[in-house]
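Input: structures, listed below.
Two complexes, one shared chain (subunit A), two partners (subunit B, subunit C).
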Partner chain A sequence: MSSWPAETKYISHPTLRVDAVPKVTGRARYSSDTQANGWLYGMILRSKWPAAKILSVNLDKARQIPGIKAAVVARDGTFTVRFYGEEIAAVAGSTRQACLDALRAIEVKAEPRNEFAVNENEARKDDAPRVWEGRSNVAPGRSREHGNVDQAFGECAAIIEGFYTTPVQIHNPMETHGNTVSWTDEGVTAWSSTQGISSVRDGLAGALQLDQSKVRVITDFMGGGFGAKFGAGAEGALAAQLSREAKAPVRLMLTRFDQALAVGNRPSSFQRIKIGAKADGTLHAFEAENYGTAGIGAGADSGGGGGGADIPMPYLYPVPNSRVKQSHVAINAGSARAFRAPGNPPASYGMESAMDDLAVKLGMDPLEFRLKNDPNEVRQREYAIGAEKFDWKAKYQKPGSSSGPVKTGIGCAGAAWPAGGPSRSTQGEAQINPDGSVEFRLGVQDIGTGTKTVIAVVAAEMLGLKPEQITVKVGDTNFPPGPGSGGSTTCASVSPTVYDICQRGLQQLQKQTGIADARGKNWLAACKKLGVTPLVVHGNWIEGLSNRPAYGVQFAEVAVDTETGLVTVKKVVAVHDCGLIIDTLTLESQINGGVIMGMGYALYEERVMDDLSGVVLNPNFETYKLPGIADVPEIEIVLLNMPERGVIGIGEPATVPTAAAIGNAVANAIGVRVGSLPITPSKVLAALGKVPPAAIT
Partner chain B sequence: MKSFAYATALSTDSARQLVADHGAYLAGGNDLLGLLKDYLISGPNILVNVKSLPGLNQIERGDKSWTIGALVTVAELERDPDIAKVFPGLHEAAMEIASPQIRNVATVGGNLAQHSRCWYFRQRDVSCLKKGGNLCYAREGDNRYHSLFSGNDCISPVVSSLGTTLAALDATAIVLRDGKETRLSMAELYRKAWTEPTAHHSLNPGDLILRVEIPTARTASAYLQVSDKHTFDWALVSCAAAANIAGGKLNQPRVALGSISPVPHQVEAANAFLDGKTLDDDIVSQAADLILKDARPLAHNAYKVPMAHALVRRTLLKLKS
Partner chain C sequence: MNDPETAGAGSLSRRTFLKGLGTSAVAAVAAQTTAVAAELEKVNAEKIVGPGPVPVTLNVNGRKLKLQLEPRVTLLDALRNYSSLTGAKEGCDRAACGACTVLLDDTPIYSCQKLAVEAQGREITTVEGLAKGDKLSKVQQAFIEKDALQCGYCTPGFLISVTALLKQNPHPTADEVKHACAGNLCRCGTHPHILQAVFEAAGVKATSKTEVIHV
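What follows is the complex of A and B.
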């Protein structure tokens, strides 16, 4: 079995991103920067109704707008739209303004349905308007029961019941969804903002009924996806159709407005949790009912899976007697897609909130309560390390007991991401040139997490070179196939593959040149001996170098202004493990990003639907609020390097516990639970009983 | 956006002529471009760039009053060390506006005249009362950001934090109207928004804010706001206060609140109550009671009542420092 070297020069050390300079200087060309020869702008006309029958779509006037080169309908004939923002038609033209004018010139005959449901609690009612004709909005629930729950609650010394809710969260990567697509007689080339070039290739080939060999997908630089960018999407297929009609490449990037409506989100959750423990603090009984919405369906086009509204319950902590019932509620809104650690952040918020509420009832320190009930040895270690860094013992006060109107509080929560681990089919190749230069080619893509750098670090380590001597090429379906960038799988897929390529390369070099060890100082001499023909070696993912899952714990300290309701996060200590660390610098970036995203989920983010009009009220960054730099606290990261476990991904676990830890810190500060994310000033004041009733109008 | 003509005016008279009946003045453009790009306003058929109008980018420091040109940027207000000394409340309000990039181009005139931020108004596919439709969706819908007070069916609140602060400072806007300079108090500048759902200020088409005049009579001023986020976010509630403090007693105190009414919310009874009082917890609390007495909270904005109460208390107490 293969193993990683015990002494390393680059692995587990900080290495600057190989593409740091082009990224910060703007020389990096992202998918949305693509300027293919003769390219046109593409735009989509979306439904302004939350539910309607589309009788006809007339594109004639749109085609007459100067500069418009193509116009297509999203679907032929009469069709039904089920959410505000569903695709109706698309146009391509030589200027943005021509496209905007054309969208307004499209004549849509529609029968809007006056009845629709955009709110989970309304949609659940028996007499609610149906999202899908002849089908209840509430999917048949799933129930699981272990042990004897009713009897077990009778044996508990303390029981709490809580209702914890989380909103629909929108992915909002920095770069919106979209592609430039060129469809010619030779086939299709798509420059895609995607986290899965292979899945986009296969999706486009399927949608356009082309051989997969006729579709090439390229992603040099892309600006994030968080799980919502595995497929080509409706926008990809429409861009292709426009390109065929216009006989020119079409760049169809979504706007921020489009992004809020139709390309995925994290489902909401409404968790009613009852949980009880014995007098010594041992969890004994658990009962939960959860529902949430994944929009019109569950996880459509998620590619990476996990777009549904179910969440793992009870989360992290084993309870011998448990009963869990879950169901989905359909509403007239865009479908969910996989979103960074699908199911886990809402599950963490519900369970960890209930844990703290129960600890308070038991009169136990919530950290002690966790240590008593969490069987995971890694998290046990992480709690111990984090508690010391955070100074938990000195900082912990009874809930609501700090003095003055601005109260401080602390909280913690644990993470898991059981689904990680490698994609075993990952492949790649390296071309070793006689001049000593070497190029690695893998059909993976760098979603922004530093995959190119990971490849360079592992290759440099194995070949005894410096990372800057390694040329890395990814993001092209012409390269050997790689995994999608999702589920915290990429690093664990790519690192062993590069290891294998390097081993094979060194073996082959030895065979061809007779130099026993071509690494390091012998590298150039060995390469020269190749003569005029470069050596190309192919490698695969191999056993023994990667693993799953990762854990992690986070601690948060907050200040809550009890007169204005404003929550300020003062500090987060994040203790994380991911087996063998490849690059500490990109790893810390991942954790910083996870904490900040979790903070947005805790305090700011929420898609707001309007019951009366059925529209999304906040399809922009003005009212869909994201953390700004002034909101971000000091984040202290503690890394547990565990080389013996092999390489593990970190993307998901880093964001899982943040919202729960912050929510617990708020409850500890003010002495009452805000049981609903985001924790806005309005909700804090309401929890404190300070909000008067509405005037009767 | 719809097509329009574009012209640069070099004098206020020509600006007025160019803008005619259906044009719009362009200064910082932050608000205007948003309205145009989302097709939220009918017209305009011409944008008249007023950035080159002479004399409107000056801050003039007089003994009895200062005048601030309408083209002075929010960043200039924020950075001027004398403003921070003479009108600290104005400095504090400028600091809270949007982001540094926006403050660099946003002007005093544009901030005062900016349109509603109501998310129903800003939603391109909702035809609400403010856009000339039949219904205020916010009344029955999600009104978390809306007014506690309104004289009409529209509950979109004023969001100009400069308007709120200038109201507390008893400033006057000098407006070019019908070829003459017209003086409007802040109450007058917004009065029409109180009664007319489609209005967000009292300016007529073609009116141009030239400058604001701020009396120096009040040596103490302060501004506070609370938003969901710590920066670059609209105020949920904002509060400005100004007064003279002599021998510990308030003289000519004024308090104004933003984001809770279509106009800067001012209650003369509260100002009168505070006149001659010494600031303490009890007095500021009574003043806040008076200011919020007639609030009509809706389903989702009642939290603004305790928030505004706290801000009134804190802003007044801040006058002492």
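What follows is the complex of A and C.
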């Protein structure tokens, strides 16, 4: 079986991002920067009703607006819309302004339904308006029972019951979803802001009834996805139809508003947890009921990254007796999609909150309580390392015991990400030129995680070259196929593939040139001997070089102003493992990013629906708050490099435990639990009894 | 009133005020009648531009960009969609994310909130104008070395905000950097590295605290 070299020059060292120069000079062409010859703008008209029957859509007046070249309906005939923001029609024109005018000129005849449900707690009632006709809004998810739960609770020395809720979170990548699509007689080319070029190709081919070979998808640079950008989406198919009608390329990028309404979110969760332990602190019984909403989408399972409302329960800690009931609630809102570590951050928040509450009841230090119950050896080690770095023992005080109006507190939580392993069908190729230059081509995409850099680092290591000598091309369905960038799988997929390409390349070079070892100082001589014909070698993912899963633990320190309710995160210590580290620099960036996104989930982010009008009240950044640079705490990272495990992805585990650790730190600071994310000042003040609690949110 | 922005706003409100007055009201102000009437005449003689395209000249990165634009076209739209300068990015189109930040003279502004016609006669610097040929600016170099970018979509905006800061304040404190970047959002969560990069560009060694333990 193959193995990674023991001594490395680039692998596990810091390497500068290979595509940083185009990114800092503005030369990087993102999907939204595409200026195909003769391109037009595209825009979508969306439903202003949360539920309505669309009787007719008249595009005549829109077509008469000067500059408008095409207009299409989202669906033919009469159709039903089920959320505010659902697609109704789309236009393409030579200026943005013409499109805006045209959207206003579209005449829609509709029968709005006065009854709709946008609040999962209302929607799950028996008499709630139905999102889907003739079908209950509530669908059962997984139900499981192990052991004898009722008897086990009777054997517990301490039991707590808690209600922990998490909001719908919106992905909000800085670049919105969208494509430039050119449909000609030869076929379709799409420049897509996507995490999965292959899935966009297949989706477009299916929607347009074209051979997959007639569709090419290109993603040179894209501005983030976080799970929301797989597949062509309605906007991709509409752009293609507009392009066909206008006989010109159409750039249809969603607005920030569109993005908040229609292209994905993390489902909410409402977790009622009862958990008990024996006197020595061993977990013994667990019972939970959870429901959440994935919008109109009724998917239940989020285990594989689907974006459903179910979550893994009980999370992390094995409990011998457990009973879990889950259900998901349809509401009149845009469907959920996979969101960075689907299911895991809400599960972590619920379970780790309950763990701390139980530790308090048992009179145990919550870290000791975790070490007692977490069987995972890697996390055990990470807790030990992190506790020392964080100075847990010196900092830990009994809940609510810090003095003064601004109270400090600490908390911790563990992470798991069961995926993170490779896609075994990953392929790639390299073209080795007689002048010594070499180009790697893989049909994956770099969503900002540094995939191009990973390819360059591995190739440089294996060929004895420098990363800057490697040309990396990704993001094109004309290249050998690779996986979509989801589930933290890309790094573990491409690294062994590049290894294999290099091994085959070196073997072939030896065969063709007679030079036994073409690496490093012999590289140029060997390439020259190729004569005039470049060598193209194909490689595949191979066994033994990648792995799963990844773990991780995080510690948080907060200050809570008990007069204003404001929570400030002072420090986070993040201890993570991902097998063999490829690039410590880009890895550090990803962990920072996971922590900061988790912090947004903990304190700021929440999609707010208006019960009366059915609209999303905060579909933009001035009302949907992301963490800014002034909110970001000191983040200290410890990386465990475990080469013998092979390469594992890190994108998801880094964001899993942050909100739970912050929530626990807040509870430790003020001595009461805020059982609902985001932990806003009003919820803190309500938990302290200083203001009346809001109705269930 | 040296600030051209303030002067512009002042003259606009006076004009609006004058236009709003009825003739008789103006006539009643006997002492200033002649002067006011003359000004009114001048205002009324101004040609209304638009709504169709009008010629617009923008000074971008030291070059003149001559365009035909409807007056309602924003500076961001003009740069991204009427020229090949796509460095400034659109993230929200409503002054909330900062991805579109450019320099207007030395002031960082949201180009999505400035009409292109209003930006005429000013020096506009986009991310494409930060490097001198192939030589990157100190800020750009520091962003690369500290990996102060992930997907890179917010990066042009941050680079402009930081460049403006360091021009005014070559040795900022951490709080001053945070203040200068308060109008820029990043969803990948690159902020700690941006902070490091700004210090690096300001000549202060900023080292990572990350520890790698080989197991």
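Criterion: the second predicted complex is superposed on the first by the 682 of 697 C-alpha atoms of A that agree within 3 Å, B and C clash if a C-alpha of one lies under 4 Å from a C-alpha of the other, contacts with A are read in each partner's own complex, and residues count from 1 in each chain.
As a working rule, a contact is a pair of C-beta atoms (placed from the backbone, for glycine too) under 8 Å apart; a residue touches a chain by one contact, two chains touch by 3 or more.
Note that this is a predicted model, so its numbers are computed, not measured.
Asks: Report for A:216: first if it touches subunit B alone, second if subunit C alone, otherwise both or neither.
Replies: In the superposition, A:216 contacts neither subunit B nor subunit C.
Asks: According to the stated criteria, A:597 is in contact with first (subunit B), second (subunit C), both, or neither; which is it?
Replies: A:597 contacts subunit C only, not subunit B.
Asks: Considering only the touch criterion stated at the top, classify A:630 as touching first (subunit B), second (subunit C), both, or neither.
Replies: After superposition on chain A, A:630 lies in contact with both partners, subunit B and subunit C.
Asks: Tell me which touches more residues of subunit A here: subunit C or subunit B.
Replies: C
Asks: Quick one: is A:452 in contact with subunit B, with subunit C, with both, or with neither? Answer first, second, both or neither.
Replies: neither
Asks: Is A:611 touching the first partner subunit B, the second partner subunit C, both, or neither of them?
Replies: first
Asks: Look at A:622 in the shared chain and tell me whether it touches subunit B only, subunit C only, both, or neither; answer first, second, both or neither.
Replies: In the superposition, A:622 contacts both subunit B and subunit C.
Asks: Applying the document's definition of touch, where does A:84 land relative to subunit B and subunit C: first, second, both, or neither?
Replies: A:84 contacts subunit B only, not subunit C.
Asks: So, does A:692 touch the first partner subunit B, the second partner subunit C, both, or neither?
Replies: The first partner, subunit B, only.
Asks: Check subunit A for residues that touch subunit B in one structure and subunit C in the other, and list them.
Replies: Touching subunit B and subunit C on subunit A: residues 97, 620, 622, 627-630.
Asks: In the complex formed with subunit A, which residues of subunit C make contact?
Replies: Where subunit C meets subunit A, its residues are 70, 72-73, 77, 80-81, 84-94, 96-97, 99, 126-128, 130-131, 136, 140, 143-145, 147, 149-156, 159, 177-179, 181-182, 184-195, 208-215.
Asks: In the complex formed with subunit C, which residues of subunit A make contact?
Replies: Residues 12, 16-17, 19-21, 23-30, 32-33, 35, 41, 95-97, 172-176, 221-224, 226, 253, 255-256, 381, 385, 389, 447-450, 577, 581, 584-586, 588-590, 592-597, 620-622, 626-630, 632, 635-643 of subunit A touch subunit C in their complex.
Asks: Please name which positions on subunit A make contact with subunit B in the complex.
Replies: Subunit A reaches subunit B through residues 48, 84, 97, 100, 563-566, 568, 603-604, 608, 610-613, 615, 617-618, 620, 622-623, 625, 627-631, 680-682, 685-686, 690-695, 697.
Asks: Across the complex, what residues on subunit B touch subunit A?
Replies: 1, 117, 119-120, 122-123, 125-126, 137, 139-142, 144-145, 226, 228-234, 236, 295-300, 302-303, 305-307, 310-311, 314
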